[in-house]
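Following this line, the structures themselves.
In what follows, chain A forms one complex with chain B and a second complex with chain C.
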Partner chain A sequence: MKKKKRILVVEDEKNLCLLYREELRKEGYEVVATTDSLRALELIKKRDFDLIITDIRMPVKDGLELIADIMAIKRNIPVIINTAYQSYRHDFMTWAAEAYLIKSASLDELKAKIKELIG
Partner chain B sequence: MSELRKDIIGGRWVIIAAERSRRPDDFRPKNETRKVEAGKFCPFCPGNENKTPPEVFAIRKKGTLPDQSGWRVRVVPNKFPALVRGDAPALNRSENGLFFWMEGIGVHEVIIETPDHHREMADLTLAQIEKILETYRQRITEIQAEKQYRYLHLFKNKGPEAGASLAHPHSQLIATPIVPKRIQEELRSSKELKEKFGQCIFCHLIEEELKKGERVVYENEHFCVVTPFAPRFPFELRLYPLRHSAWFSEIKENEIKSLARTMKFLLGRLKEVLSDPPYNFYIHQGPNPNSARDCPDGLAEYYHWHLEIIPVLSRVAGFEWGTGFYINPISPEASAGFLRKEKQNL
Partner chain C sequence: MIERYHPFRHQLHQSGSRELQIFSILAQSFFQPFTLKDNLMVILTALTAGSGLGFNRAMLFLVDGDRLKGEFWLGPASPEEAASLWQILSTHEIGYAEIIDYNRKLLLDENNPLVQKIKRVSFPLHAPQPSLPALAASSREIIHVRDAFNEPLVDPHFLELINVDEFLCIPLLSPDDIFGEIILDNAITRQPIKAQDIELASLCGLTAGNYIYITKLQQRIVEMKKQAALGEMAMFVTHQLRNPLVIIGGFVDQLLSPDLDEKKKMRNLRIIKEEIARLEQIMNRLTRFFRIEIREKVPVNLREIFKITVETVKPLIKSTRINLETEVEPGLSHVFSDPVYLGEALRNLVENSLEALKDWGLVRLRAFRENEEWIVISVEDNGPGIPEFLKDKIFEAFTSTKEKGLGLGLAYVKRFMEASGGFIRVESQEGRGTIIKLYFKAG
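Up next, the complex of A and B:
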């Protein structure tokens, strides 16, 4: 049996975090989800992921700091930024990510981007 | 006693409120609050070329390939741009005539000035600064060929307080389908003042400033730097080419060399006198010369490209936002004095 691709979702809003986890599991991915960006970093150090989806505006460590840390340890993991804010486009640290998506009620764009990046 | 001064081209009044003897120390940024980026990932550093879109221009070591290490200056489009390339957009208006909008076309490029993450423009060699300036000219000239981009704005933000999100030295070029309001105002004013004084107002001001000397910070065979008569901000500077020209793209080889010396002197002095302040600089030039509607007859004679440098040493607050009227706590004569104090060895 083909091994499932493993995705890490980092989203501090609990309900959204659960929604992403369930929706992406339905698409056939193995999904690990956390609302805590520090916990996310621990998970990345311990386990291998094929893709990371992260919010930006989060307490303690924001998504851009998290991305910088990820790049320092495992720079080849593709990252999708999934945020409610356009304004972070001005921050060139976002370039470490492969995609910058604006949160939407429909997950079609997110799913399409995941498919494009990891199949 | 404070003084109200008028900027003849911008038509703006400022309050010069130098109530006590200000020293450069009064404006130095508090370095201890600066974020340290050391060791963090940087998408502009060599080795990370795959994190940027493919380069559109680069000055490289011989034998190196595009989008790999070995570059001296590298230009890439913005990965997540607010404006995207397209044809000339139509102007839409609502039936009641109150609302106007158009498609968001434009070009946004990032000029990565050096492979060295930690070496700011002030610390680069003259040869490297020349490469950056040649790159500015090349990109402006190439994008100008697409006349739907009616204005090209070249600028640099240095330091987080000045809006830079990464420490790696870079400048940006944004081409827009409209001519920005500030440029339109300068164009209108320059045209009127040319009619009034019978010559380009910038050439006239340069002559007067060089004659007077009290606001001159630097001068060489092709450029001069002055603190304007009515500056909005402490240590605000204007860099003017002595040869009249409306567009940066008309700069010549030998002038690029002089401009590199001017920039190195100027940025070096700001760094020394004001303890490496954050700053913004930007070029003001005529609208795209290939856009006939924006360049009426005579524009080439009455407009004069220049570069404005604004060290970020004070905050714009309610009074300035609400009135467009600025209070500057140091006179331009005093700031010019501090900046030119040591003799120019370049």
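Up next, the complex of A and C:
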């Protein structure tokens, strides 16, 4: 059996975290989800991920800082930014992400983007 | 060696010409808390007061849509009135402030015949063949009219109104706009209008144009700021609503799929209910923010409200090493305020401090007399302080650095303080801590 692709979801909204975990598991991925961006960084150091999906506005360490840290540790993991905010689209750290998605009540776009990036 | 002078000269040097004095008054009036119309009245006053620049009467027309509309008409209505008016004005005790005051009353008087007449007239600005007075404004030229009764370019209705054979039309302009027109005459003294008078009057016209231009710019800036704030607010509210909507949408989708088990169905419904409650909370907070209204101020016991505040936030510091201290200056017992809003404001501020401290530090609530006029309640912490780049923004609504915060906390406290006749100040040093001070009127 082909090994499942592993995705890390970083999203400080507890319920949203749960929703993404369940929905992406249904798509056949192994999903690790955390509401804490510092915890996310520890996870990235310890384990291998095929893709990271992160929010931007989060307490303690925001998504853009997280991306900068990821770049320093594991440069080639693709990152999808998934946020409620349009305004970070032109932030200089955003260029490092593979995709910039605006959170939507339909997860179709997110699922399609994941498929495009890691199959 | 240097010499310093105050920019406002109440008395010019004796040898200063009358013209110089007039310009000094015009320049200074701009610094007074006058409205645009007051400033324009100052100009008209300068042009007509006493023998002034030699003009007896001044009319002001302002552009309203595509018409030139009558606004003011200053000056005596008859030779008798002129005599008594000029007598008053020539006494040394009377300064321009008094004259302006006198003129303001005159213009507000509905029985004043000149005001009644001027308010009723208006002339089209862009007629195919414009006549005077509109012609001066539309052609952007100063026009000196002599032998008016035989001049076909003068509008007959206007001539009937002004009833004088010589007058001067000065357009009020900006580089790309027409604001109005001033009409000057010597209806009482019948003195001819001299070249020098025209020169000075045209300079007054330019000054008036500048006043109007700047005032309009200011109005536009205020309007733009309001719109920007509104835009920012709309954007922020949209963002705040997005997360709960995404969650509700996602879990409803799951509910619609046939293979979801009963346990998860219940869980989804519970989550949806939670998120709906959150949406409601966001709406309520926004509504409350826009509706702050202080109906009645009552004496609020300082020790009492400190005690209540400490009680409410106690659960938040239970498992931390944060100390919460209160201190009320001896002899001080209360401030006049709205106890409900004040309680909320204090809780808000203390919660901010606690958040800044995380789990170690000191928060101090103090009440003291700053001076005879103000009593201060301060909330102080030894946390990380407010970053320099945020200092200007912390009181603006919708600028939270917290993902879940609506960014209304400090803006809310500020609105409440201002609504109750006080104000709020912040002192913060990065690495040292923050003090927020609420100022209440003593007594």
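Structural remarks
Please note the rule applied: the second predicted complex is superposed on the first by the 119 of 119 C-alpha atoms of A that agree within 3 Å, B and C clash if a C-alpha of one lies under 4 Å from a C-alpha of the other, contacts with A are read in each partner's own complex, and residues count from 1 in each chain.
Assume contacts are C-beta pairs under 8 Å (C-beta built on N, C-alpha and C of every residue); 3 or more make two chains touch, one makes a residue touch a chain.
All values reported here derive from a predicted model rather than from experimental measurement.
In the superposition on chain A, contact of A:Phe92 is made with chain B only, not with chain C.
In the superposed model, A:Leu43 makes contact with neither chain B nor chain C. Within the superposed three-chain model, A:Asp12 lies in touch with chain C and out of touch with chain B [touch as defined at top].
Contact with chain B, but none with chain C, is seen for A:Tyr100 once the two complexes are overlaid on the shared chain. Annotation for chain A, partner touching more residues between chain B and chain C: C.
Of the two partner chains, neither chain B nor chain C is touched by A:Ile118. Of the two partner chains, chain B is the only one that A:Ala68 touches; chain C does not reach it. Once the two complexes are laid over each other on the shared chain, residue contacts for A:Ile77 go to neither chain B nor chain C. Across the interface of their complex, chain C is touched by residues 12-13, 15-16, 18-19, 22-23, 57-59, 84-85, 87, 103-107 of chain A.
Contact residues of chain B toward chain A in the complex are 39-41, 43-44, 51-52, 79-82, 110, 163, 165-166, 170. Contact residues on chain C toward chain A in their complex (touch as defined above): 235, 239, 242-243, 245-251, 253-254, 271, 274-275, 402-403.
Residues 67-68, 71-72, 75, 86, 89-96, 100 of chain A are the ones touching chain B in the complex.
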